[in-house]
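The following pair of complexes shares a single chain, chain A, combined with chain B in the former and chain C in the latter.
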Partner chain A sequence: MTETATDPLSRDRSSPPVAAPRPAFRGLRRLVSWDGPMPWLAPLIALLIVFTIYPLFYNIWLSFHEYAPFKRRLEYVGFQNWATLWEDARFWGSLSVTFTYFVVVLAIEVVLGMMIALLLDSDEPGFGVLRALLTLTLVIPPAITGMMFLLIQDPEFGVLTYVLEGIGVLDGQSPILATSSTALLGVMLADVWQWTPFMVLIFLAGLRSLPQEPYEAAMLDGASALQTFQRITLPLMSKVIAVAVLIRGIDVFRMFDYVFVMTSGGPGTSTYVLSLYAWQQTFSFIKWGYGATLSLVSLAIILVIANLFIKLAKVRW
Partner chain B sequence: MATVEYRNISKSFGSVEIMRDLSLSIAEGEFAVLLGASGCGKTTLLRMTAGLETISGGELLIGGALMNEVHPRDRNIAMVFQNYALYPTMKVFDNIAFSLEIKKLPKEEIRRRVEEAAAMLNLSDYLHRYPRELSGGQRQRVAMGRAMVRDAQVFLFDEPLSNLDAKLRAHMRFEIRQLHNQVGATTIYVTHDQIEAMTMADKIVLMKGGEIEQVGAPDELYDRPVSRFAADFIGSPTMNFIEGEVVANGAAPAFAAAGIKLDLPEALSAQPGQKVTCGVRPADLVLSGSGDIEGELVLAEKTGADLNLHLTVGGADFVATAPRGVEVKPGTAVRLAIAQEKMHLFDAETGRRL
Partner chain C sequence: MIVQSKAQRRVRVVTAWAVVAVFVFPLYYWITTAFKNAKEIFNLPPNVWTFEPTFRNFEEVFGISLGFFRQQEVLPGGGNFYMAPRLWDSIVVAGGSTAFAVAVATLAAYSLSRMEFKGRHAFVSWVLSTRMMPPVAVAIPLFFIYKDVGLMDSYLGIILIHTVMNLPLAVLLLKSFFDDIPKEIDESALIDGASRWRIFWRVVLPMAKGGIAATAVLCFIFSWTEFIFVLTLTQTGLKTVPVVSSSFVTSTGTAWGNMAALGVAAMVPAFIFILLVQKQLVRGLTLGSLKQ
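After this line comes the complex of A and B, so read on.
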């Protein structure tokens, strides 16, 4: 049975073999040999190169050029795109809208998600069905959700408009999505409706895996429900919350569908987010170089935020 | 400090009744140990006392007040859990201080009490560590500290030593009992370890299948077990049992089994012909050339202080404790003597003491 020892498929996966220390070149040779891991990793690595690594470097290369593919004009411009960015008021405006959207949407989704998760964290009959129903909003394409909320907030026949006018919040003169002070809120509504359940599901998974003993101990220590939540649940959930915010945060930061469908960035620039601006520069104005620069900035900001949250998730206990 | 009284307590999980009509009272300041094999209901009884488990029937009184419907947080009970149940996100100081902070005690008072408890438990150097940075024994002491700083009416311990190694367990046994002697609080302690029960308890409550088998001081359970079960549970090495019957031996009755005949006290309420089990503790057997019990040595086990002699007596396995230095070769025949008052006789059918 010596053959089985070299066959990677027949390896006992429950107990991975301990790697014996060996010279580096032998490890490298094994890596690229047929019975090493490389043949199994190669397809994935190929996909990564074609769809992630090559576009990234192409983007970086593009950001130093002025490129209009239909005019077949390619020109090296050095740091000009980056200099333009610095003085571009529309870029800074879109960045500010993006950050506002990012902070408000995440805050609402985390708080609301946690509240709903706490309500649904029960073994009573019926709660399993409720939890399953939560996944429904997640399967709807965001563009469709955008259309839905466009209709709901329509100034003529939208249900939400009707209700808000009925209770006197709206005066009938300023439609939600066509008023610069409320348009972003209107877009946020779609995001919150669609993605809060995602937060709920992650938080529920977290809540359900918490140890029960500290809760019993807290009860005997005399803690009230609120004190228990503040001092026990929230700290225990901090990692889960950080991960959820990280996943959603990346998504929220590059949100495109809702504004594209609902407001196209308007009225004025009140819902003009960074991803929409990058898209417009690239595909409407055919400025591929500047579009690439904008998307790289977006990537850099996401990386910084992601790292921040990964640090937050690394708590000492 | 308070008394704890259970009146006809019963407990069911769904349609399964695991405890019926259990009555027991624990005096103020008493150290009571609930002892029994796993599944006997001892932990359930403890959790019902704390309010972590509902009571299906009967009444629970603490300090004379009915507690059945009182929320755990209002019972003023401190509990040490089997797996410690420390707050993982809090440092040791905050773990111990938590209940005091909930009560909104002054900061200085909290600090003083926590430091006092920490000093008592040798935890002073660990107050700024997280539970996961502590060893099992240290965690166990934090759990104790958390209970100690409370002015609780009753202290509950749920097998607190079962996750510790033997040496630490022996040490903590001493510490807990010492602490009880100092504080004097009513304590209910759950364990399946009869040595813990024997060494720590003022009163042992031996449980079996959701019912109380015997209640009494450790010596009482050791010297006069009410049943074969109680006799078997208490004592290490465990009691030897020989099946036999009562025969008439002149005026007095006698116990007869394969190759053995032992005189019984005259006052014994057993009829000749009755099937009985005779129980003898290994420590009560004495090697003696004129002994009534004859056996063959299988193995002499050294425990350090003395020897455990494993024998076969009339086909049954037997253990006798002998002082160190006794030299017997496996395969040799030995004779053992037993004092009449050290014999325990149980009805073979009911298992009750005769």
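After this line comes the complex of A and C, so read on.
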């Protein structure tokens, strides 16, 4: 007892410094050492694997199965879901709605955002307050924004409906969100309202950090405002615009909240975006496999477009 | 930049205020709706400026006079409008996921900012690509996975998925803040014999305090406003404010006043937070790729 208590100390002192570990262990030790990246990244990697990679494979597995209502279980159906996809007019319809929404909303937000940013790019007193006011829309839950626009576009007492009927744009017979031709516009309005300020703030930060010399030179040369914008501002801002378009584009493409709250895809299928169609197939129509298939398509499209854009626009992190 | 006459400047100021007013109007209308009674909400022409402010909507939704604890009454339409517990659910979920995301992301961001290793660039791209996944493509399989492992309807389940949702933002943003701190500081400390962990904990973290706070605020806001994961992964248990707002649509019509009151309660904390991080906002919104 007393021997063992004193022994290790004395032995430690007499023994040579720790022997070099065998090669296999040296690799392991480097892996778990705080001097290497592994322990720092391990929690991140673990979470991403469990919550993105595993669900991805689960989804792929699911897309080869379908729920059989009478047997109350999933059955293997091979490529049937993928074949259905090809012939499903509603899928192609939802794809076209998604792309329409994507292109129109993104274009409006970029152009309008740039115009407002140019307008606010000034040191006038009070413009700081204006910028701060614009940031407020960014933090409203999109589902609540949907409700806000449901209220102001209400066919009976909505304030927007009232104004548009007053100036003769609406005839009072076709409510904005309940008419196939205008429902998507009504949804877009909510998106444009909430996210144009996102573009404004990013563009504004870009504009404020531009060098002054090219502008002085342009002024000496007597360039017009439009020329200056086209030849100097746009090229200098290209990186800023690319980043803003990329981040916003990803979110516009996978938009779900507004349509879910405002129209549930209707009237008819006029606001059926791909995300909503996939979600409804899974949870409203209990087509688990088909819903998974649709969501995989949406994932594939977004990854291809975004990565292509990153390559072409040379966006870097 | 371009010299303007006095008249031009005045036009610019007026236009700017007018444009911002257009953007603020829906918000103004929603907030005032929360203080209107039903008759004023359904009035035609719409009551924009003149109404008698009332706290009735807030009272019904939160039971303020009863100290947030008891349900007032079941309202016409039969919906359960008592929302104080939902506010609590939102706070727990947003707070918990923010803490997790920031903890995991600071570790990862430090090594991505400071260490050279094979595949670092590819790793950053992978993290970024998880930001591109449509939530629906994650929510559908997670619904079945959560059912199997019993995470359905649980705080932990929602906190975890919100953490993962915020990780790309948090990692990339924190990396950009760490990149701002000169590497020489680390290197000289390493030569002095300090360990990596000690440098991280004692030197880099305190210097990046502002950036970490900004990251935390943005994570909180994104969790606070998230919709589809909570919608999909909860059934009868917890529900956050955005998801529960649709329960005001009842068989006898929509309780706009109550819904607006809940909406206002959900916005106020987010408004305060966003005004706190104005300086880092653009960097945050662009995942650290643009500096203000």
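In this section, the second predicted complex is superposed on the first by the 273 of 317 C-alpha atoms of A that agree within 3 Å, B and C clash if a C-alpha of one lies under 4 Å from a C-alpha of the other, contacts with A are read in each partner's own complex, and residues count from 1 in each chain.
The rule is simple: a residue touches a chain if its C-beta (ideal position, glycine included) is under 8 Å from a C-beta of that chain, and two chains touch if they have at least 3 such contacts.
Nothing here was measured: the structure is a model prediction, and the numbers come from that model.
> Assess the superposed three-chain arrangement around chain A: do chain B and chain C clash, or do they fit?
Once chain A is superposed (C-alpha atoms), there is room for both chain B and chain C without a clash.
> Answer with first, second, both or neither: which of chain B and chain C does A:Ser122 touch in the superposed model?
second
> Look at A:Leu220 in the shared chain and tell me whether it touches chain B only, chain C only, both, or neither; answer first, second, both or neither.
Touch status of A:Leu220: first partner only.
> Contact-wise, after the overlay, does A:Met188 reach chain B, chain C, both or neither (first, second, both, neither)?
So A:Met188 meets neither chain B nor chain C here.
> Would you sort A:Val252 into first (chain B), second (chain C), both or neither based on which partner it touches?
Neither partner.
> After lining up the shared chain so the two structures overlap, which partner does A:Pro235 touch, if you call chain B first and chain C second: first, second, both or neither?
After superposing on A, A:Pro235 lies in contact with chain B but is clear of chain C.
> Look at the residues of chain A and decide whether chain B or chain C touches more of them.
With both complexes superposed on chain A, more residues of chain A are touched by C.
> Rounded to whole Å, what minimum CA distance do you find between chain B and chain C in the overlaid structures?
8
> So which bits of chain A does chain B touch that chain C touches too?
Overlap of chain B and chain C footprints on chain A: residues 219, 315-317.
> Touching residues of chain A toward chain B in the complex: what are they?
211, 213-214, 216-224, 227, 231-232, 235-236, 238, 315-317
> Using the touch definition from the top, list the residues of chain A that touch chain C in their complex.
Answer in residue numbers: 34-37, 39-41, 43-44, 47-48, 51-52, 54-56, 58-59, 62, 116, 119-122, 124, 126-127, 130-144, 147-149, 151-152, 156-159, 162, 193, 196-198, 201-202, 205-206, 209, 212, 215, 219, 225, 228, 239-240, 243-244, 247, 250, 253-254, 256-257, 260-261, 275, 278-279, 282-283, 288, 291-292, 295-296, 298-299, 302-303, 306-307, 315-317.
> Chain A touches which residues of chain B in the complex?
50-52, 71-75, 77-79, 81, 83-90, 98-99, 102-103, 130-132, 146, 150
> Once bound in the complex, which stretches of chain C touch chain A?
1-3, 9, 12-13, 15-17, 19-20, 23-24, 26-27, 29-30, 33, 41-46, 48, 103-105, 107-108, 110-112, 115, 117, 120, 123-145, 160-161, 163-164, 167, 171-172, 195-197, 221, 224-228, 231-232, 241-243, 245-246, 256, 259-260, 263, 266-267, 270-271, 273-275, 278, 281-282, 285-290, 292
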